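Paired with chain B in one complex and with chain C in the other, chain A is shared by the two complexes that follow.
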Partner chain A sequence: MDNLSYRSRLMSLLTTREDVYALEEKLENLYTLIGKVNTTLEPKIKDILDYNTFNAFLEDFKNLRLQPNNQTDLENYIDFIKKKIEKINYLKLTLAITPSKELIDEIFYWINKNIGQDVVLDLTVDKRLIAGSIIEYGGRFKNYSIQAKLDAFWAKNPNLI
Partner chain B sequence: MNNFDYYLNTIGEIGYVDQINGSIVVVSGLPKAGSDELVIFESGQLGQIFTMKKNQLEVMLFSKESVKPGTKVARTGRSLEAIISEAMIGKIINPLQLLLASIDPKNKERLYPIHMIPKGITERESISKPLETGVSIVDLAIPLAKGQRELIIGDRKTGKSAFLLQTILNQTQQGSLCVYAAIGKKTLEIRRIEEFFIKNKVTDKVIVVASTPEDASGIINLTPYLAMTVAECFRDKGNDVLVVLDDLTTHAKVYREISLLAEKFPGRNSYPADTFYMHAKLLERAGNFITSGGTYSITCLPVAETTQGDLSGYIQTNLMSSTDGHLFFDSNLFAQGRRPPINPFLSVTRVGRQTQTRVRHDVGREIISFLNLFEKMQNFIHFGAELGQNIKTTIETGNKLLKFFNQPMHQTIPTNIQVLLFALIWNDVWDKSVIDDLDKYVNLLVKKYNTNPEVKKRVDSLVEKKSFNEMLGSLRKEYQQIVDVA
Partner chain C sequence: MSLIDLMLILPIVTLLIGFVSMLFLYLKLLKRLDSEDHELKKHYLKKARTEAGAIVEEAGQEALNMLSASRTVSAKDQEVMESVVKQLTQDQSAYLKQGAAQIMQEFNNQVQQIRSNNMQALTELSKEITAASANQANEYSKALEQVKATTDKIVLDLNTQLEQIKKANLQALDMMSKTMNNASGEQTAEYNKALEQIKDSNENMITEFRTQLQQLRNYNINTLTNVSKDIKTDAQTQVEEYKKVMEQQTVESEKAVDKKIDDAYKAVEDEIDTYKNAQLKKVEAGLNDVLVRIANEVLEKSFNPNDHRDLIIQSLEKAKHEDIFTN
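Showing the complex of A and B:
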């Protein structure tokens, strides 16, 4: 599978780092199917993957003209997805609150639109920020938290403490 | 807010430690980092960007404590700089302390770059002033000058450090400021050097920049550059400075260690290809400079260690080509009891002679040619044949000269007294009883010279004749007058 530029439907389901870890675990489980003789793969793959992931998996196989019941094709596909995972860029976002699913989806939609489709969120919660967020991406760091503003204020006005 | 948070928020870039190889740390991130830039770790340690690869940086750590993988790294946006002030005089400075002070955001003092580009030719002047070491064999036969770079080379334990301390003692007494860089030296040795300065009351003119083997390799590597920066700062303030770099073979080994960890391609003897450049750019910062306040010099005495007297080693030959001469401390002469054991035939001075007066020039020439003759005459003795009177006289004079050149560690002799003493021995003015008790008479003469202005005036007048022959012509009469006055 040399076509690394193919936009995998499976990869597009990944929103956060936790999703990536979960997918990696599922890929390891899929790997156990390889080498088993006299086995129809597709039902077993359906058992391992959840509904959305299985549908995305089938769509990828259809687009790439692969056979889900073919062990060689399955192995190549798993390696392909692993290479894709290695190339993921993470946007590290530290929030002061635990975000809801809707908020995460909204943020992810914004990132997809403005930064690119190979970016996944790496979310952390740190209540010490009080409010706002810290964003890290591509080695760049931006601190938009209230904590940073307060620290800067106290540094300038130490006599007020 | 600590320093790391300050720089992280100010510069707005972050990196993470991926891998650790001893004192080299591999960092990813920091997209706009520059070569040789200072970085700070979340744990407070400092490092310098050593190599820049496609997606990673190799950072040379400045602390012995290692960092953990995953530690955050921030850029400081500045290169290596140090705060240098008069308060450093008389103290032992550790490079790490200066670096930590320099990155403090609250610091308002001027910062001096540690790695400076040496001044160009238009800002330099020809070397014209002699540098007196107070050691007779050097000042008379292998003279040095202010602004010269003279390599001190020899096996270990041959008296190199003793000679350097003598030179520092003499120079501080003449008003120069001295910077002693102890590169990877044991704490005990540094303490001994400090005690020497305290005992001889020269701490108001000396700065010691020291790193021990316990320090990080990055700090040991930085020590001579920092010492040179200190020298440049005080030169700009109107001082002639003497810099001693003890020793550059240790420095080269540390640099080799760092480069091999950073996977730089090893060259000869596994040293990296830029070893010559590393030392040459350091030594080029010495010289005779034109500053806004006048002409001031930085004289550099780098030290190199040899193994079994081998002068053809890689680092040794590199340093010999980067300097204006070398003084070779011969272990064979050391074993024979000569102190200092400087071999005048294997030592070179390329610049010192142009600063000498006519008399000293003549004296130096006489000494070298006579010692050459004396060396050859020594070979005749081994035959056991009967010696002619000429040979006996030559050998006797040679032995007197060698006795004169043997100088205890704490004794420094003013140059004019050296010339006078040589003339007295050369012209046989002193009889055997004086020669047998030479140390006593030398000490007496030096004391009188330093304390009695009339003696000083007469000696200076005798020595500053138009030529050595003219001086010898009036030696007996004028010496008697000096003795009478003393």
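Showing the complex of A and C:
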């Protein structure tokens, strides 16, 4: 389980920071199964995870040749995913509107295609932006909002107000 | 080639021909699909351009609306601002009047107080001077009486002495007369003549002496009277001078109070100006906020979800172009 370069199917489901928080909560719940459950683990895991997550989990176990009912494998897998989470690069995006699921998917698709697959969106909504976005990534910051353009316009033309 | 071979080859050839035909048809279909796709692309491009044109037109209209709204708001806010300025001016006027009334009241009180203090001081001083003058005059009167008494005593003493001299002369004359009785007639006549001369001379001397005494007495009385008058005049002069000084001090005090009031008035005016300017700035800032908010609201409404989506993707593209995502 030291191969962190393995592209986890479970990790690929993470689109936003909220998804990361939800997954971390699920991992904590999975931890509670270790050492307490004597019967087969898989049904209990299925109860904790939602459908897509569970399928991704099974796919990862299959690819990594792990046994879902083996408590040691489960523990190692949870640690592996936690390490992957620690290495996530967040792209902070401030928008003027609350984005729809479709828009988030589209943005995420663009990010995967243009930046890389280990990037997760950290979305914030600020209506003062009017439209456009503010992008923060790797310590860099850029304001591409209409508000910024408008501010620049007012600053250039103070006599209009 | 046997018949069997032919029979085996023929289906294969037929199959091959069929396969080639299908391939040809497939390629043709692909070409057609590509062409249709191209048409479809063209169609959507055209549609997108039309929509973009509509968006631009709509944005232009919104901008015009915004301008119109801004003008309307400007006019309204202008009214509000004028009303505020009017109110401020009224407030300022009332405030100034009230302040001025208070200042004048204070001024009058202070002047009254100064006058009252001065008058009290002056009255007390006058009393002191009058008392001192009366005392002095009394003392001088006593001195005058004493001088008169002394002079009278001197005159009396002199008179007594004169009488004694006269008496002695008479006794001497009497003795001489007795002596003369024993003398000759010629001697007697000369003695009588001499005696008459002595007698006249004594009388003249006494008269002269008395006149001088009287003159001395008069001189002393005049001198003392004049001194008394001088004392009175001096006291009056002192009082007058003190009055002048007090009046001058009163005027100077009034001037100082005037200056104080002017300064206070100026300070009140400055305070009001500062307050007025601060209020006007607040109004202006409020107006600016209103205009900016309206502009923002108008702009906000002019973007539909697709515009938002396009601008977000565009910003990502720009960020990529500006190497924001480069490690």
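We adopt the following convention: the second predicted complex is superposed on the first by the 160 of 161 C-alpha atoms of A that agree within 3 Å, B and C clash if a C-alpha of one lies under 4 Å from a C-alpha of the other, contacts with A are read in each partner's own complex, and residues count from 1 in each chain.
The criterion applied here is as follows: contacts are C-beta pairs under 8 Å (C-beta built on N, C-alpha and C of every residue); 3 or more make two chains touch, one makes a residue touch a chain.
Source: prediction; values computed, not measured.
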item: When chain B and chain C are modelled together on chain A, clash or fit; value: fit
item: First (chain B), second (chain C), both or neither touched by A:Ile97; value: second
item: Partner chain in contact with A:Tyr109 - chain B first, chain C second, else both or neither; value: neither
item: If touched residues of chain A are counted for chain B and for chain C, the larger one; value: C
item: Centroid geometry (CA): angle chain B/chain A/chain C, rounded to a multiple of 10 degrees; value: 40
item: Chain B versus chain C as contact partner of A:Gly132, first or second or both or neither; value: second
item: Contacts of A:Arg140 with chain B and chain C, given as first, second, both or neither; value: both
item: Which of chain B and chain C A:Ala152 touches, first, second, both or neither; value: first
item: Which of chain B and chain C A:Tyr21 touches, first, second, both or neither; value: neither
item: Distance in angstrom between the closest Cα atoms of chain C and chain B, superposition on A; value: 8
item: Footprint overlap on chain A, where chain B in one structure and chain C in the other make contact; value: 138, 140, 142, 154
item: Complex contact set, residues of chain B against chain A; value: 1, 5, 8-9, 12-15, 28-31, 74
item: List of chain A residues in touch with chain B within their complex; value: 136, 138-143, 148, 151-152, 154-155
item: Contact set on chain C toward chain A in their complex; value: 287-288, 291-292, 295-296, 299-300, 303, 305, 307-309, 311-316, 318-320, 322, 324-325, 327
item: Residue numbers on chain A that touch chain C, as the complex places them; value: 91, 93, 95-97, 99-100, 103, 106-107, 110-111, 114-115, 127-128, 130-133, 135, 137-138, 140, 142, 144, 146-147, 150, 154, 161
